[in-house]
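Two complexes follow with subunit A in common, the first pairing it with subunit B and the second with subunit C.
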Partner chain A sequence: MRRGLRIAPWAPWGLLYGFCGLMLFFLAAPIVIILLVSFSDAEFVYFPPPGFTLRWYAHLVRMEGFVPSFLLSLRLALLVSGLALMLGTAASLALVRSTFPGRQWLNTFFMSPLIFPPIITGIALLQFFSTLGIRATFFTLMVGHTLITIPYVVRNVTASLQGLRSNVEEAARLLGANPWQTFWYITLPLIKPGLLAGGIFAFITSFDNYTISMWLKSAEETPLPLRIFFYIERIMDPSVAAVSGAMIVFSIVLVIVTEKAMGLSRAMNV
Partner chain B sequence: MADVHLSHVTKRFGKVLAMDQISLEVQSGEVVALLGPSGCGKTTTMRTIAGLETPNAGDIYIAQQDMQGIPSHKRAVGMVFQDYALFPHLSVQENIAFGLKMRKVSRTMVHSKVRDVLKLVHLADLPGIEQRYPHQLSGGQRQRVALARSLVTEPKVLLLDEPFGALDKKLRESMQVEVRLLQQQLGITTIFVTHDQEEALTLADRIAVMRDGRIEQIGTPNQVYESPRSRFVADFIGVSNFFSGKVEAEHEGGFMLRTTRGMPIWLKPPLRQQLSVGDTLHLALRPEKVTMVPFGDTLMPYTQSATIKHIVYLGTVTHYYTRTVHGEEIMIYAQNQDMGHDCGPVAVGDIMSLCWKPENLLILEAD
Partner chain C sequence: MQRSYAAKTILSSEAELPQLARRSRVRLSGQPYVWLLIPAVLVLLIFFVVPLLTMIRYSFYTHVSGGMMQPDLTLENFQKFFQQELYRRVLIKTLLNALTTTLLALLLGYPVAYVIARGHPLVSRVLLIAVISPLLVGIVIRSYGWMVLLNRQGLVNQALQALGIIASPLRLTGNDVGVIISLLHVFYPFMVLPLASVLQKIERPLEEAAMVLGANRFQVFYRVILPLSIPGIAAGSMLVFLLAAGSFVTPRLIGKNLTQWLLSLVEEQVLTVFNWPFGAAMAVIFIAVVLLLVVVYSRLLESKFAFLLKGKTS
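Take a look at the complex of A and B:
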């Protein structure tokens, strides 16, 4: 027996908990810090805050452009996740249910926006629209965002569809349901987890997208992530932290509402 | 009147011929089993009747109506799937009511119909069964719900795909009897797919033995068991001893055949086909049709002496594996009518006389 190699029985557990603790710390610490800073009464982003105040949150609402930008991003993300869900689900159905030449190729093609650097997708889209003579508007933003969010829907819905035994659809057909009724009453409820997960990913991806919006936004309307960035370029005061804080709260509310309404933990397969 | 009529139906999957010109008539109220090994086309045949597969050629009629171009949901066919295919997100009540909902049956009617059909499948006594979900049911209950769901819309034809495959032996046997009684009560035309010969014998009025996309033989359980047409049928339904040999002599309308190993077999009229000296024949002999007596106590002419090689005692019957002096292996099933053995204590290595009635020899068609 070599003495030097003896390991205390708690050591593996200690390592595991230590590692997990560090992971959690690095995930949570920036959020905690940004929340603390958002209540700071200093004039600059500074940690630890010397004192606390709510004025940056009040400032936020009064600050020019932030509320319209938030509303624009919200409207955009909602529309985009809806569109991505419709198109992505249709694509998934074709990919999973039918066999046609080039199916595998098409599957990869649908995933390509995830693989391409978004900045390149953005430039390409800008080129495309300007060649067609289409001015950058809300519409171009919507098209761009839908393009990059479709892969999330296709991924999740495809997984759900593959997990679905197709004979429940056949059973529905034999009970007198036409193809539409079968889709509506049987397929759709059974792939709900995939739809929810895909929809949430699409929403979040669109809501905080910067690289695509940068190229495709109109002169008049600025989505929230761009607004925040433009602001930081000029002034670095805790109102930026307040925006972040508001967005964190908004995300948490979104997750809780979805959880209550439709069972998100099931959707995420937790 | 034929409720289901298939006429020369062919179905190909790529290069595989799943149905090769299948013709089949199922009479009103009849139960027909499609029996065969996996890959014989039995499931495809059923799915084609249901409209889940489109045949490449041939016609299908349900209640005298040509089914060409008629989609599944308009065929008035009920089907129970092998794994039941219950809708996991719907309760028992909603599962059963689904077909009625698609037919726009009024709410009050749906309620009473669901209750009636639950009574029919003996589920009405379970309190709160309607509100349960499929994952909260036992295997037997799931099957009853699946059956109720397919019966509630009063289909003309009921299709069952390996309906008892997922149940354990005891439950399977009781469900088989129950389904048969239910079928007789409703008089519904039923086609079911199985690879289990016992299930086919238990449930069916007629059995269609399938092989390589064709129906090898169709007939009542008695017909397919007692006069199988081919070695395949004789082997698939029940157990048989097989012999092949040449006809050597004719005597008073009977024939003497010698097997390839040299064992003489006596064939007596009535015979299924015309024989003449020199013909090559394939014969089958069911093991329960062979009797065994102590060596020397001859009951009939042309007995074979054989050595006991192996004995399997199964409670109601005992299986004896024997080898004749000519080297033919013959299996014998003997009923255990008395305690102990019918013909005294028999042990491995004993020499016995085997005999059978010549008319129990089955002449098979060459494969």
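Take a look at the complex of A and C:
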């Protein structure tokens, strides 16, 4: 065996780990900065902050329109993730448990709203609705959001279903359970992690969506991301950082829940 | 990937099942679940496929002033797009910016994906969480973070000045540089995740075999790992390119109105000019060009892939 000139075995790994550290810094930077600014004691976004305060968070409640927008987005995201879970889980069962030809193609079809430019999906839907004479309301928002959240549910639930052997289901059937009982008592509890992860991703996607909502929202009601967008395009004071900070904290909680439920990596299908 | 097979503990012998089924006359084969596809497929057909087809039809309609359109089929909208220099320029600029973002994501993503696949389990786990977590923070908020960082008085400029690298603050928002940095941040996970998943599947004995046969680390990487990771490179770069080219929020917030992004022009046509047929035509052209590029790219990679594999066997 040849053991000629070799670099110390740890050297490439040292470099790699160092590089990863830098990338971690890059990934965290915009998120950390918002949290810092949201606690800043300055009237304008200013760095380093002269002092720390919680007043921007207290100010949130009084900011015009933010509370109704938050409630609208919350209602929308809850409803949409429920719908996406029902539609997506049913479709996943069919995709994983059946063997018809073209399943792979169908799976790609379900994923397509994810990579299709959302702004074009939004415009197409708006044109479609207005051709039918349907005005933009909560309903149109709900339809648009359901469309782009189904992929997350399908991805997570199919991953969960593939991870469990259909033998358990067959066993239940053999022992006399009907298909519905089998699903309710056997399959559902076993794919719970996938449902949770899919539901969380669906919820977050809807809650944070700007591009689809921008076309389909009604004139009267504005979802939270749109309100934040309009605000930061014009004003740069830390109160919008506080809204964002609150949303980030919320996301962190969801990251922890997902990680505990099925592991983020599995949720992303790595 | 670790999976809990509760099934195994319940059924000691899986081979017995078919026999059992035959004896008890329960139908296990067949396609009992296919009908469950219907609701989701219907939703996608009605609210995704039909609207897109409608949009393609509208792109051939004639625009009448006052935001109206007439179903007189015409190619005028497409001619207009290719005749006016502005639209061609913005299209090319959008594609180039998306391409730059993709290349940067690949260069900066490959080492991280490699560490996720091959590094210490704890490091790998931390990295994976760090890469995925930003996806759960909305694009508007992440772009806002970059606005604050890249600002004239932002942290990036302050740091560069403090380090003495630059004398006066750089302009990092309202131009392509800022947009590319933020797009890179927004879509970086979509490069790392497919890459890591492909790298994880490359079996370690292959590397060891190459080492035993006398290859050094770089040869192992260049001749074994890199060729085998091409499917991941393909998937990641196609995803990032598609998503970056199709983005809207980040170019708008970071680029302000100074950087023109093709999809911002589409928005303008529909929302401000009320020229729906032309907006639809722009969207159709955009999708056609992007899809064409993606197909050409995957063909190119496939042939390159074949070449590298051949090189290995010779």
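Simple rule for what comes next: the second predicted complex is superposed on the first by the 235 of 270 C-alpha atoms of A that agree within 3 Å, B and C clash if a C-alpha of one lies under 4 Å from a C-alpha of the other, contacts with A are read in each partner's own complex, and residues count from 1 in each chain.
One rule holds in what follows: a residue touches a chain if its C-beta (ideal position, glycine included) is under 8 Å from a C-beta of that chain, and two chains touch if they have at least 3 such contacts.
These figures come from a predicted structure and were not determined experimentally.
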Item to check | Which superposed partner A:L190 touches (first subunit B, second subunit C, both, neither) | outcome: both
Next on the checklist: Comparing subunit B against subunit C, which has contacts with more of the residues in subunit A?
Outcome noted: C
Next on the checklist: Quick check on the superposed pair: does A:R97 touch subunit B, subunit C, both, or neither? Answer first, second, both or neither.
Outcome noted: second
Next on the checklist: Going by the contact rule set out at the top, does A:M23 touch subunit B (first), subunit C (second), both, or neither?
Outcome noted: second
Item to check | First, second, both or neither for A:R165, with subunit B first and subunit C second | outcome: both
Checklist entry - Once the shared chain is lined up, is A:L174 touching subunit B (first), subunit C (second), both, or neither of them? => result both
Checklist entry - Can A:E233 be said to touch subunit B (first), subunit C (second), both, or neither? => result second
Checklist entry - On subunit A, what residues does subunit B touch that subunit C touches as well? => result 165, 167-168, 170-171, 173-174, 190
Item to check | subunit B partner contacts - residues on subunit A that touch it in the complex | outcome: 165, 167-168, 170-178, 181, 185-186, 189-190
Item to check | Residue numbers on subunit A that touch subunit C, as the complex places them | outcome: 1-2, 6-7, 12-13, 16-17, 19-20, 23-24, 26-31, 33-34, 37, 45-47, 86-88, 90-91, 93-95, 97-100, 106, 109-110, 112-113, 115-121, 123-128, 131, 143-144, 146-147, 150, 154, 163-165, 167-168, 170-171, 173-174, 179, 190, 201, 204, 207-211, 225, 228-229, 232-233, 236, 240-241, 244, 247-248, 251-252, 254-255, 259, 264-270
Item to check | subunit C residues touching subunit A - in the complex, by the definition given at the top | outcome: 1, 3-8, 10-11, 14, 17, 20-21, 24, 26, 28, 31-37, 39-41, 43-44, 47-48, 50-52, 54-55, 58, 108, 111-112, 114-116, 119, 123, 125, 127-142, 144-149, 151, 153-155, 158, 182, 185, 188-189, 193, 196-197, 200, 212, 214, 216-217, 239, 242-243, 245-249, 253, 263, 266-267, 270, 276, 279-280, 283, 286-287
Checklist entry - Which residues of subunit B touch subunit A in the complex? => result 50-52, 71-75, 77-79, 81, 83, 85-89, 98-99, 102-103, 149-150, 153
